[in-house]
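The following pair of complexes shares a single chain, chain A, combined with chain B in the former and chain C in the latter.
Moving on to the complex of A and B:
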């Protein structure tokens, strides 16, 4: 089980290296069209085939990985930073600050995730440049996803605050800043890492879903979500199986992340 | 009557949350750059006068707070605001959509549980055996398949085999069919989306059934019953399941969130006329009141699901009935 986790980490690292070095590895320009080669099946020239504009799938997959794979961890980092800030404040200060933050968080948890995502998407402009769209998606998932980790972090901070040694430190005159840095924040490392590994794939899927429905990163910049969007066409769905390749990539990524995060996985051996 | 009081408290809390959610989504949506008017202006067939009239009717020129109050008041009339795209009140749009969404999610929940309970129970009973290990492998793999991938994947199967229609809720010649044919038509259309939703919710359920029953099966009373010669199947489904049911019932409420959320994606991909496509189209058209109403509506469904789970828990667990709930 430990080995599985290490293996997943290594595989993810390799995939991220592919994304980072897309410029070196991609055989073609991801936006270069070859109209006479539309939907040509995998061949020696185009290893993963081409799409409707004759663009090379492999190159698009590699460049798309930049957006799709980065959206997850970056979004998770931002929303967890927000969660630590808000959940930490709620747990540490208590009182009306706690009530305000947690009641607001409750609203974000009360709406089914995709409905919330699309409702918040409404607050942002409909048509955006691809680069801005990426930042927009980061802002979106951070805004939507802070509440759940904030709840957990509040709980940890609350229990840390009432520990004997923290009370003792406070009675010795330690300042809030000292207490937070020295005694409370170190306790959060475990929770935040697990939450990050859980949120990252969820956010990767959020990007894919938004782009799939035309509300995320748009053409001509590839992302795994908008590469899949073409499958909404009946003829493409029935005839060109290689257009499913980004789907396989998505599944692989989610599985690797879940191997990294899933505590159930560790116990699956048969305790 | 602690139960009634408890129920009232829960419903009151739910109403407050709904008010908050509608206010939040209203503020977010109203803060958006660009309104429906900008989308309409792109269409040269729509005259500026029409847009001005619509804006006046919509109350789009007034301050946000006033718009929100007007929207709340329209709920009292059952209107839930005014849809610019459908050119009418939102309420009548909403109800058939909600019904269609429930038509998918409720059977999907039932099927998922009917499959998850025996599989999870057998996996828990034969812990570490081949059934357990293959169940874990399959659920892990299923949990890794995103909604959009599962949606297009099932559609692909439908297209390739031709057994199932590929979308919508009824065939084109629906109106000409005899009543029982109508029924068959709708059922054949709803098979794929229900299967998709059941498959999406299955992994979580199986895992929890397995974990919950696994814990119960280690309890001394199970050992005692086994020693007394109670057959394994009876032990599992009669004795263990009853004790392990509590966390599972709570889970049923919690999993409603994931189910509704997945339903948005599946409905849209399979063009099932539920709440999801309504929401998505409204976001694309900047139809503010429809977005707010659909988001609020999905929250209502979620809260209702949780209330149902609470009710079940109340019926199932005598400890809760005598008043030891928090």
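Moving on to the complex of A and C:
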């Protein structure tokens, strides 16, 4: 178990280093179009082939990792922050606060947010940097994603609050702040870390989905999502296998994150 | 959108005949039209891919291409234009005379023919149809073309089978004004019309028996969201040389497949017999994988559509923010537009986006429009050097990072909008983005949903640059009055001007108005050549490319004579037949 976690963590770290040092590692400018080499298969010049504009796939994969790998932790962090705040409050205070927050949460889960995103994208001014526009959309997705983790966190807080020693501490006159810091938050660390590790790959995949519907990062900035979006085209899907490479990268990263999530739960939750 | 603004994705659903008029017969016998086409055999069905569900089956109000594609199979007009010869041919009018100035037409109607519900057709139906189309309250998009010199044309009944049409002014369009104007059944529509209900009639829920037309097919069934089935009209007025009644096919099925890629897949799998909007990329895939499959792929060469880039040149409100005003000033400079045009690699667009199945354009009339294209226009080759020189002379400069700066030292950057779902236009925008990067211009590309895009272009004018396409109809300049007149609603770069804003726009106005009222084809061509030259010199639109028309058809379809005009494969649907055993997709 522990070895798996370490391995996953190391592999993820390497991937993140690749993304950070994309500028050094990428053999070409990711936006440079070598128009005579459109859709050329992997070769010595272009190790992972080129796309429909003759842009180097390897360079785009490396630069694209910045967006895609950032989307995971960032989206997860925003969602978890909202979940800890609201779910924690619901669990800790209980009563009508609990009811209000949890009913609101159910509402958030039920609303089809995807259509809202289209409207938001339409309403944005035209001249927004591609990466900026994407971050705004992602933040929005992450914000409305607080409800599911919030349920879990509420449950943990609720059970922590009703433990005998917590009740005892309270009866001895311990303040809310003290109770939170001393007894409740430590219980939460394991859960939130696990949740973050589970949510991060979901947001990486969300980036791919958003790009698939044209809501993601705009040209010429690469992301794994918009690199995969060309697979919507029948000719690309059926003719150029190297255009699937970003999909392999996505699968790998999602697997690594889930390997990380399992032992995290065992390790931190049981303490 | 009016008939003259049928741009975007080709429209003008025109059925054409390839015909000889029947010899006059006694008044009792029906006067069939005998076609020259090969004799075929009856039976079978044809499954045709349509990219969207028609919105209506009412010929009076239909504007969308899918509706028109279906309606053109269920209705007929008085005079047809043959899409191969571009000459007028008899249809419901078996013959006609025109006065030399083109103001008076006398049409002799075919006797003894019937609507698809069995009721007879005569001059009263023609009079009724013109009354409906010209009625302002009905709001038909065809009304535009029937109002000549701001007066409706007068239509009089001479006898039961003769009609006289008088125009207030000479009209270059001539017989073309009758083309694709569907004749309506007075016996069904007179009451709804007088009660003011006609525009709401013949919507998608209508029972097939309540609809009648003079076309080769009639509605049989409509499955919402999936398909529309037409069946043979037993009363149709054409026969082949052997005297067999047309059409040959028993059924035509329009199946709705929204995405172009799904269309290619459905066609390849044999679910459909005809697809007419293949992209070049998918055309190549289907061609590569054609082995052992039962289809033919036809590249009909450059069509009538043209794709272009244009800049927002609308006049500004006094309180416009400074960045908007600054950008507008660039866009209004000819040198800026010339530099952009010089920097764009049109050959790369042809190669990368259309796999070579397109032609680069330097003028707005594509070479597919053989009657009207001005072949003398200059075709300046791509030159980033010259583009830079042009910008430098106009007072632009470059900063240390190589970014283009305007006279006031502000960086030049703008956003190109185009519509979502159009892969080609988005790819073109990405190529332009990279081309202009070499001039130091930072270009953003934003894809908007088509309706949101049109709203920005034509109403709010809130955009900077746009990649769009126009085309369709029959290539006659009279169809694009609304685009080229400075007062026109689709004068894209600056629509609805009360007075032409520039000298060259004023000259185009004069030329376009003049070509509309003279009958001499050579003189009209001379005038329109000048319009093309003015557009190419002043670049209100920067013409880029004209795609080839690519069609896929199941093997064994007799009399198939595809054209670059709409509907590429179905224009002579009444003559189509299956060789060998009646077959077709989804038998």
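We take it that the second predicted complex is superposed on the first by the 241 of 271 C-alpha atoms of A that agree within 3 Å, B and C clash if a C-alpha of one lies under 4 Å from a C-alpha of the other, contacts with A are read in each partner's own complex, and residues count from 1 in each chain.
The criterion applied here is as follows: contacts are C-beta pairs under 8 Å (C-beta built on N, C-alpha and C of every residue); 3 or more make two chains touch, one makes a residue touch a chain.
Note that this is a predicted model, so its numbers are computed, not measured.
Chemist: So, A:45: does it touch chain B (first), chain C (second), both, or neither?
Modeler: In the superposed model, A:45 contacts neither chain B nor chain C.
Chemist: Per the contact definition in the header, classify A:258: touching chain B only (first), chain C only (second), both, or neither.
Modeler: Only chain B is touched by A:258; chain C is not.
Chemist: Pick one for A:53: touches chain B only (first), chain C only (second), both, or neither.
Modeler: Touch status of A:53: second partner only.
Chemist: Return first, second, both or neither, reflecting whether A:132 touches chain B, chain C, both chains, or no partner chain.
Modeler: Neither partner.
Chemist: In the superposed arrangement, which partner chain does A:218 touch: chain B (first), chain C (second), both, or neither?
Modeler: After superposition on chain A, A:218 lies in contact with chain C alone.
Chemist: Thinking of the overlay built on chain A, is A:35 touched by chain B (first), by chain C (second), by both, or by neither?
Modeler: It touches chain C, and chain B stays clear.
Chemist: Hey, is it chain B or chain C that touches more of chain A?
Modeler: Counted on chain A, the partner with more touching residues turns out to be B.
Chemist: Quick check for you: in the superposed arrangement, does A:205 touch first (chain B), second (chain C), both or neither?
Modeler: So A:205 only meets chain B here.
Chemist: After superposition on the shared chain, which partner residues are touched by A:228: those of chain B (first), chain C (second), both, or neither?
Modeler: In the superposition, A:228 contacts chain B only.
Chemist: For A:238, is the partner it touches chain B (first), chain C (second), both, or none of the two (neither)?
Modeler: Both partners, chain B and chain C.
Chemist: Chain A residues touched by both chain B and chain C?
Modeler: Overlap of chain B and chain C footprints on chain A: residues 118, 122, 126, 214, 232, 234, 237-238.
Chemist: Across the complex, what residues on chain A touch chain B?
Modeler: Against chain B, the touching part of chain A is residues 103-104, 106-108, 110-116, 118-126, 205, 208-209, 212-215, 225, 228, 231-232, 234, 237-238, 244, 247, 250-251, 254-255, 258, 262, 264-265, 268-270.
Chemist: Using the touch definition from the top, list the residues of chain B that touch chain A in their complex.
Modeler: Listed in rising order, the residues are 17, 20-21, 24-25, 28-29, 31-34, 39, 127-128, 132-133, 136, 140-141, 143-149, 152-153, 155-156, 159-160, 166, 207, 211, 257-258, 260-262, 264-265, 268-269, 276, 279-280, 283-284, 286, 288, 291-292, 294-295, 298-299, 301-303.
Chemist: Give the list of chain C residues in touch with chain A in this complex.
Modeler: Touch list, chain C to chain A: 261, 264-265, 279, 281-282, 284-285, 288-289, 345, 348, 351-352, 413-415, 417, 420, 423, 426-427, 429-431, 433-434, 437, 444-449, 452, 462-464.
Chemist: Mind listing the chain A positions that touch chain C in their complex?
Modeler: So the residues of chain A touching chain C come out as 31, 33, 35, 38, 52-54, 118, 122, 126-130, 214, 218-220, 232-239.
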